[in-house]
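Two complexes, one shared chain (chain A), two partners (chain B, chain C).
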Partner chain A sequence: MSAERRRPGALLAELGVHALLLGAVAFALYPVLWVVALALSPGDAPEASILPIPTAPSLRHFEAVVTTTSSEGVWLFGRQLANSVITAVATSVTAIVIATPAAYALARFDFVGARSGTKALLASQMFPGVAAAIPLYLLLNALSLLDTRSGLVLVYATSAVPFAIFQLKSAFEGIPRDLEEAAMVDGATRFGAFVRVVLPAARPALAITALFAFMTAWNEFILAATFLSSEDMYTLPIVLQRYMGEYDAQWGAFAAGSILVSVPVMALFYALQRNLVGGLTSGGVKG
Partner chain B sequence: MRAGLLTLAALAAAPLVAPAVAAAQERVEVWHAYRGEEEEGLRAAAAAFMRASPDVRVRLVAQPFGAYASKLESAIPTGNGPDLFIDTHDRVASYVAASLIVAVEPADRAAFEARIEPAHRAALTIEGALRGYPLSVKAPALYVNTAFVAGEVEALEDLAALSLPSGVYPLVMEAQSAYWVSGLFGAYGAGLVDEDGGWGLGTDGATRALEQLRGLVEAGVIPRETDGALVARLFTAGRAASAISGPWLAPDLPPELRWRVQPLPIVRGAGGEPMRPYVTVEGAFVASRARAPDGARRFAEFLMLGEGALLRARRARQVVTDEAAWASLEDDAFLRGFRRAARQGRVTPTHPHMRMAYVPADRAIRKVLRGTFGAREALAEGGRRFDDVTRALPAPVEPAWGLLALGLLMLGAIALSIRRLREAPLRAAIKQSLPAYRYVAHAAIAVGLLVILPLVVGAATSFFAGRGTDMYFVGLANYADILSARGGDLFGNGSFWLVLLVTVLWTAANVGLHVVIGVALALLLYRPYLRLKGVYRVLLIIPWAVPNYVTALAWRGMFHFEYGAVNTILERLGLERVSWFASWVTAFGANVATNVWLGFPFMMVVTLGALTSIPKDVYEAAAVDGANAWQRFRHITLPLLGPFLAPAVAMGSVWTFNMFNVVYLVSGGEPDGGTEILVSEAYRWAFTRGNQYGYAAAYAVLIFVILVIGTRLTARAAEARA
Partner chain C sequence: MASLTLSGVEKRLGGQPILRGIDLAAQDGELVVLVGPSGCGKSTLLRTIAGLELPDAGTVKIGARDVTHLAPRDRDVAMVFQSYALYPHLSVRENLAFGLKLRGESKAVIEERVREVAAMLGLGALLDRYPREMSGGQRQRVAMGRAIARRPQLFLFDEPLSNLDAALRSEVRVEIKKLHADLGATMVYVTHDQVEAMTLADRLVVLRAGDVEQAGPPLEVYRRPASRFVASFMGSPSMNFVEAAVEDGALVAEGLRLPVPAGRDVARRALVGIRPHDVALADGEGALAMDVEVVEAMGFEAYAHGSVGGRPFVARLEGERAQAVEVGQRLALDVAPGAVHLFDPETERALE
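What follows is the complex of A and B.
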């Protein structure tokens, strides 16, 4: 490999790679920068230009989004941010807690119903959610969980579980059985080996699965808007949708809100990027 | 900061004050979808009401407009709804049909009849009973920039004749939208629906109106592809002599701009008739399961007449229905302008078909403005589309047949499982499986109850028909209807089979490009000595981190004809501007570009992960054998990547197949519904075509069946090859 570096033309190839990657980065960032430009522009429509640069940058849209208050004068944005964080974190914890043992069982045990169960999980991913909103509403109503964060968490977490099980199942399949067998020889129970040996080894996949469940809850709008009916319960995506009216849209505020909503997810991606690469594909080869 | 401190103080004080008054108070929950000034005005009115009536406590809840109607529909029947809600009159008929609201009787009938115009009372009267309290009216008016036009604009044709500096449009309006064009249609005596709820744009008048509109756009009098934000921007920037807009435009206008408001002008081409736009009457409605109906009525009365009306006029800038309030609004030119505009308009028909007419009408108008169709032809086609979505629902089928079929099916399933359970090997196997069940039980219960059960119930609604929640059993009629393209051409516009074809193309194009771009970028990033690798990787996954409904809208803006970045770039490169949503190929391309952008990071990351698990020595051996880069990729990397990519491709295909947001938000199905995919069709049946949930559910079931069969077949094919 080091021989390749010294080859004439390697520098040129390197430059070419950077040029391609820079092009891809420009493609990836360009639409997002338009959102940023719109959020920083004082009006509600962007300028017709090639570079997304606001002409008279102002923070008034951000201010408007952050300082909204309820009719009783309660500061709403803080509460709604807290709702979003609590809901998303609880969703990802719940989804992981539910999915992990099930994924482990599917990866390690051969049991009656494993195949049909996996098929049902896969099938649930193929059914468009548009038909399920009303039944879910009635179900939450029966459980008296409408307009609560717990109800939302329950729905989000369970909807994230099937994908989480697939992710974790393939991650567990990629972990050699010898590891836990050695632990069991040393006297650990099956469950002890699972908790103390398998789970730490699957940490990247767990992190990514948690991130996906977090995003499911963080970005979801339709169910949240249907189930929640008080402003101090709203999550941030509902707040964003409030800027779109029947006749007019407050694009500036919408864009500013979008950026505020996106920043935490970007930060998580940044923090977890190493896990992302390993965690998505571990054990992609089925044994 | 000060506001924050005040809030804190208020919070601290609240527990001390609350218990003292709470006992006698009636709590009234009021839902609305107002924002900005209107929300502030409503709050001011509520505060004034509570001062006057300390025994009632009003709680205002602002709802997102997009989910408002469907939320009322699910919340009120289950007792989770508001006591009072504010909405427009054109939904009242469907609310009455679904028993969401109760009939009301004003406390002072004489004052009500003396102070509220008959047309506004009539708008909220269904089957002879008053259903709500009329509060205000909304209608488009003409904003005039007085720097360009001194007096009142008399005729639409006069605007075209203005001599203006270059870059200033005579008129800006949302010419692509039937609601905003309704004034012009009205001048020619046409409306979206006729009195019986039939298609109203099949008339000669409608054709002439649309031809005139096309003439105005082609002559550059009205800019192309104008949405609300663009109307606001052009008028704000002084680049329009006049604008057709609503009251919400005013707060954003800069102080240095000199403008006034007048009713829409007359149309000489229509024999001097005035433009008669649709007028919406907003009312307050008492919900049928209100817990505090008396408080709700009192608050509604307060809003409607007297102080409440005046507060709404002054603070919310609403054109209030209370005639008496106008005596003290004499000097308010803005509100008077809008009031005159509303008087010149006509109240939107309340027929339930009215809301289903907008989409076909919008699409017909767009086709004509893009010059792809003649006005008469496009409107006739719009009429066929309208007839299709308003067609008579299938006849009810005796539910006994459905129950019988269901019963037989369940009996069969039970008999089968009992027989299997009797088999000794299975019982032994189940006994052995018990430890595994301890790991999966909670997941099975949770997913079964909260994922599978709602889907099964949702699927079951596909055997029912109806508009809204009032449904009856129709057996397989929905399926027969969909699969036979509702008796029309099997591959005609909007037919299930054509949409399926588009959906398959859509999925193939997207997933193909996701894989190509994702793998290519991963290979570039995987070079061992690459500098800035981490930076590139982080920046390249940003499309994944931003909510897709945000970036889909950003992409839509980038494809705008006049102001979109894509066309600006094309022009700078010396190329022609493209009207992206005018032809199927470009509109489909715009959707694909957006979705490829959204999806490539996932494939890139999957590939990067896969690459790390390919042993390096394989490459070294190949390099020794003299394989070049392409050969190494083709014969080593690609085959080794395959098994890693297969699950991601399968998952990605399912996601893309059902990627509703991009299609709905970027092209919106344009041109003429051609880029709709199955899931967006399902959504339209559920929400913009008269809430035919059963029909939408049948679409959902068909999507499910197609995906199950599709993944089975590809899995089989993959196994056969391996």
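What follows is the complex of A and C.
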């Protein structure tokens, strides 16, 4: 390999590959950089320049977004951030708590309804959530859960749970039965084997599934906009959208808000990347 | 340690009978090897002993305890899996301690046992490693260590060497034999490898299609196979078979003429079994006439592959003359006295 690398032709090819990759990176990053530039620019309209470099950087928009308060003096941004965090975390926790045992049962036990149940779950994934917006609205209304975080979590869970079941089912199927059987022979109950051996081995999948449920809820807009009506119940995507009013667009605030919304997800990805790499089960069985 | 008694164990999976009424006993401290081709039910039988499968009929007793319906964890057995089944998220130390911890042993006891087992198996330097950081041989050792640390009543081995390379396999085989002697433990060992079966077993149990075909000390099984199946399964290369008629006190077939061994009850026809190493080049006409098709010269010995009366036949030949054997030659072979096995051509059971 190293001998080949010294040949001029190979060097040229490598340069070409890197140039191509750099181009792809620029292509992917350009819009993001634009948003950053917009957020840092003092004005409210996009600057008419090709390079996304703010002329006079300022944090004015961030300040404006973060310090938004209602007419009654309630710190709105704080409430809305809390709404988003609570909704997303609750969705994620609900999905994992319900899906983990369900997925394990579907992966390991053969029972009446296992197959048709799996198919039904799959079918539920085929419909876009919006298609159910009106019936869900009526249901939530009947349950007096409109304009509440619990109502929103309930709605998000209806799509997060089946998805999580699918993810985790295949993860559990990938864990050799031998591991559980070894634990059971070693003195564990079936539940003990599940908790002590299967769950740790499935940790990467659990992390990814939880993260995915979190992100879906965190980013969701249409259903939130349909079911939430009071400003202090809004989640952040609705807040963002509100900066793009009918008559004026607060581009700066919108950009600053987008960055603030993206940061937690990025941080989560960073924190979980060790798990995302996976491979934790490797080495447990076989040579 | 304890004995193991199985009686009338039956198991069906998906309507197919896997075990058809197995009776089996292992005495205290005995190493019993279950051997047979794949699909004979040997692994299912082992899993039934472990409690990972429940029998449809019959009983499993460990010592005086009837464990037929007990959960695996209440049977006090330890199992070494073919895949090793090491807990991937635990270090070697934690893997070894896992079963002890679950049984609520004190920290001091656990530490002591782990150290003891690590010393016994040479795992001292690996205690803080994770399974993924070890070679196949090392993992195999940890899997055995995990079983030993438990000090169970009964050890179960499910083809523990089949994922190792040949050199390592024979090394670990000797080690298991030594461990058995040191621990004096009752062990049930499943394999399809006849070398493992012969070398390890105190008692060999040959299984076929869910039934015990023959059980006994390995040498006895080898010397006096109860059926054609056992005869051809044990021994390498496999035993040769030629169907012969009985005429005037002699077994006769094309290319074969042998006196009927004394004391054997042979009616009109018999399946004659001769092991490849029980023949030698004859000086005169010989009892067998073999047409040579392939010769494998191994130095001191040579394997001649060919046919006797149109039936495939393998002969292991020794000495100077063996090196001169050529393809296309017709060999005259003698059969060692007492080395002729006879089987009923219909039932394929040995004729006594």
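Just so it is clear, the second predicted complex is superposed on the first by the 248 of 287 C-alpha atoms of A that agree within 3 Å, B and C clash if a C-alpha of one lies under 4 Å from a C-alpha of the other, contacts with A are read in each partner's own complex, and residues count from 1 in each chain.
We adopt the following convention: a contact is a pair of C-beta atoms (placed from the backbone, for glycine too) under 8 Å apart; a residue touches a chain by one contact, two chains touch by 3 or more.
Only a predicted model underlies this, so the values are computations on that prediction, with no experimental measurement involved.
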Review point. Looking at the overlay, does A:84 come into contact with chain B only (first), chain C only (second), both, or neither?
Key: neither
Exercise for review: Would you mind checking which one, chain B or chain C, touches more residues on chain A?
Suggested key: B
Exercise for review: For A:216, decide between first (touching chain B), second (touching chain C), both and neither.
Suggested key: neither
Practice item. Classify the contacts of A:92 with the two partner chains as first (chain B alone), second (chain C alone), both, or neither. Key: neither
Review point. Is A:184 in contact with chain B, with chain C, with both, or with neither (first, second, both, neither)?
Key: second
Exercise for review: Please work out whether A:235 is in contact with chain B alone, chain C alone, both, or neither, and reply first, second, both or neither.
Suggested key: neither
Check your understanding: Is A:176 contacted by the first partner chain B, the second partner chain C, both or neither?
Key -> second
Review point. With the two structures laid over each other on chain A, which partner does A:197 touch: chain B (first), chain C (second), both, or neither?
Key: second
Exercise for review: Indicate the residue numbers of chain A shared between its chain B interface and its chain C interface, in ascending order.
Suggested key: 279-282, 284-286
Study note, to complete from the structure: Within the complex, chain C is touched by chain A residues 176, 178-179, 181-189, 192, 196-197, 200-201, 203, 279-287
Revision key, fill the gap. So, in the complex, the side of chain C touching chain A is made of residues 50-52, 71-73, 75, 77-79, 81-89, 98-99, 102-103, 130-137, 139-140, 146, 150, 156, 163-164
Revision key, fill the gap. Per the touch rule above, chain A residues touching chain B in the complex are 1, 5, 14, 17-18, 20-21, 24-25, 27-32, 34-35, 38, 43-50, 52, 67, 69, 71-75, 98-99, 101-102, 104-106, 109, 111-114, 117, 120-128, 130-139, 141, 146-147, 154-155, 157-159, 161-163, 165-166, 170, 190, 219, 221-222, 225-226, 229-231, 237-238, 240-251, 254-255, 258, 261-262, 265-266, 268-270, 273, 276-282, 284-286
